[in-house]
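Heads up: the structure comes next, in structure tokens.
First chain written, first letter: the chains are A, B, C and D, and each begins at residue 1.
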Amino acid sequence: MNTTILAFGIVRELFNGASKKMELPEGATVAALKNRLESDYPEIKKLRSYMVAVNNEYADDSLVFRAQDEIAVIPPVSGG
Amino acid sequence: MNTTILAFGIVRELFNGASKKMELPEGATVAALKNRLESDYPEIKKLRSYMVAVNNEYADDSLVFRAQDEIAVIPPVSGG
Amino acid sequence: MIDVKITEELLSAASCTEGLTDGACGGLAVFIGAVRSETKGKKVLRLEYECYPSMALKEMKKIAEAAIQACGAKQMRIHHRTGILYPGDIAVVVVAGSPHREAAFEACRYAIDTLKKTVPIWKKEVFEDGEEWISAHA
Amino acid sequence: MIDVKITEELLSAASCTEGLTDGACGGLAVFIGAVRSETKGKKVLRLEYECYPSMALKEMKKIAEAAIQACGAKQMRIHHRTGILYPGDIAVVVVAGSPHREAAFEACRYAIDTLKKTVPIWKKEVFEDGEEWISAHA
């Protein structure tokens, strides 16, 4: 499954861009994506925490990606 | 002792004026003034409560008036 | 910084920030009290505010000082309007500034709560069929 | 009424009251977050805010809805600025309107507290000698 992972803030800087194309196996979960990200970008493990958002909602680790999902990596927010 | 009692809000309306000249005995206390007010203006007793201020400070019933004191009757406040 | 004022002039939103967003305080907590168009289902035509100016300013200053002492706010503004106000008009603006928003909220809340209890300001509500000094009677 | 906005334009005090003091709500509780000139004694040159617009607006709307449901506020406004901000600039304005000030304060407090936890907006502090994404690391 071809996906485009959106990135913001410090993750955008780690990605060196606002998004990253990534090939994920069919049936891949959020947890699998996190493993992949942490292996490709070990700096991610140093964050206080981070979330994955799917279609503009925070997603659980167990969520299975579907085609057309909008996927984003959300480092610790700091609005206000 | 000649005094001028300042009045505001509903007490100003009871006094039919923003102040009232009043002769008080030497050594009169706030409590004595209150008795006098309640006898001259029985409507005052119907208020939820009221205070006397002396020189811009809320005064206890036991305070003894001195010449030149600025005396005011303070009905329940409702600012804001 | 303490800024207390009683005025017959219009109060506007500008009072919320004017001279306060100077980079020293990250958070401003503000309370804006405006005249409601209805009270208990009755249409309000206008409110008539009066005050005992010298004492009211003194009490407002005390409140601002206590809010700084007790809550840790750094900046306190309390502006109150008097005279004749119509629905939608702003009657009071309370601003508390602090590097930390908890302190700002506490100071703002303390100030408006205390103002309503201690500051010698009175309002009369005028309806189509009568008028009433607010809080005067039990 | 719910009004959420993310903008690169200046936020001003006008956002605190515009369209809100219509006579329906007696009390507006407001939080104004401005850029501080110092963090832990270090001079801040500027803040760079970015956001995930579609999700941020969705989360801001959720917060406004929850504040109305849980606290009883009637009007909620959340405006957030993004882009490059300098000390003193307003980054966020949260307004909660209610006939009762307790509800307004609670709703305002809830909204800014929750915004800081859930809304995908990020800021980088830029100092004379470096920069830092706020809250990124423990």
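The criterion applied here is as follows: a contact is a pair of C-beta atoms (placed from the backbone, for glycine too) under 8 Å apart; a residue touches a chain by one contact, two chains touch by 3 or more.
All values reported here derive from a predicted model rather than from experimental measurement.
Enquirer: Set chain C aside and report the joined-up groups of chains, separated by bars, or one piece if nothing splits.
Expert: A, D | B
Enquirer: Between chain B and chain C, what's the gap in Å when you average each chain's C-alpha atoms?
Expert: Once rounded, the distance between the two centres reads 26 Å.
Enquirer: Between chain A and chain C, what is the gap in Å from one C-alpha centre to the other?
Expert: 48
Enquirer: Can you pull out the residues of chain C that are in contact with at least two other chains?
Expert: In chain C, residues 33, 112 touch at least two other chains, as defined above.
Enquirer: Following the definition at the start, I'd like every touching pair of chains, please.
Expert: Going through each pair of chains, those in contact are A-D, B-C, C-D.
Enquirer: Could you please specify the touching residues of chain D with respect to chain C in the complex?
Expert: Residues of chain D touching chain C: 12-18, 21-38, 87-90, 99, 101, 104-105, 108-109, 112.
Enquirer: Which of the residues in chain C come into contact with chain B in the complex?
Expert: The touching residues are 33, 49-52, 54-56, 58, 80, 91-92, 112, 115-124, 133-138.
Enquirer: In the complex of these two chains, what residues of chain A are touching chain D?
Expert: 6, 8-10, 12-13, 46-48, 53, 56-58, 72, 74-80
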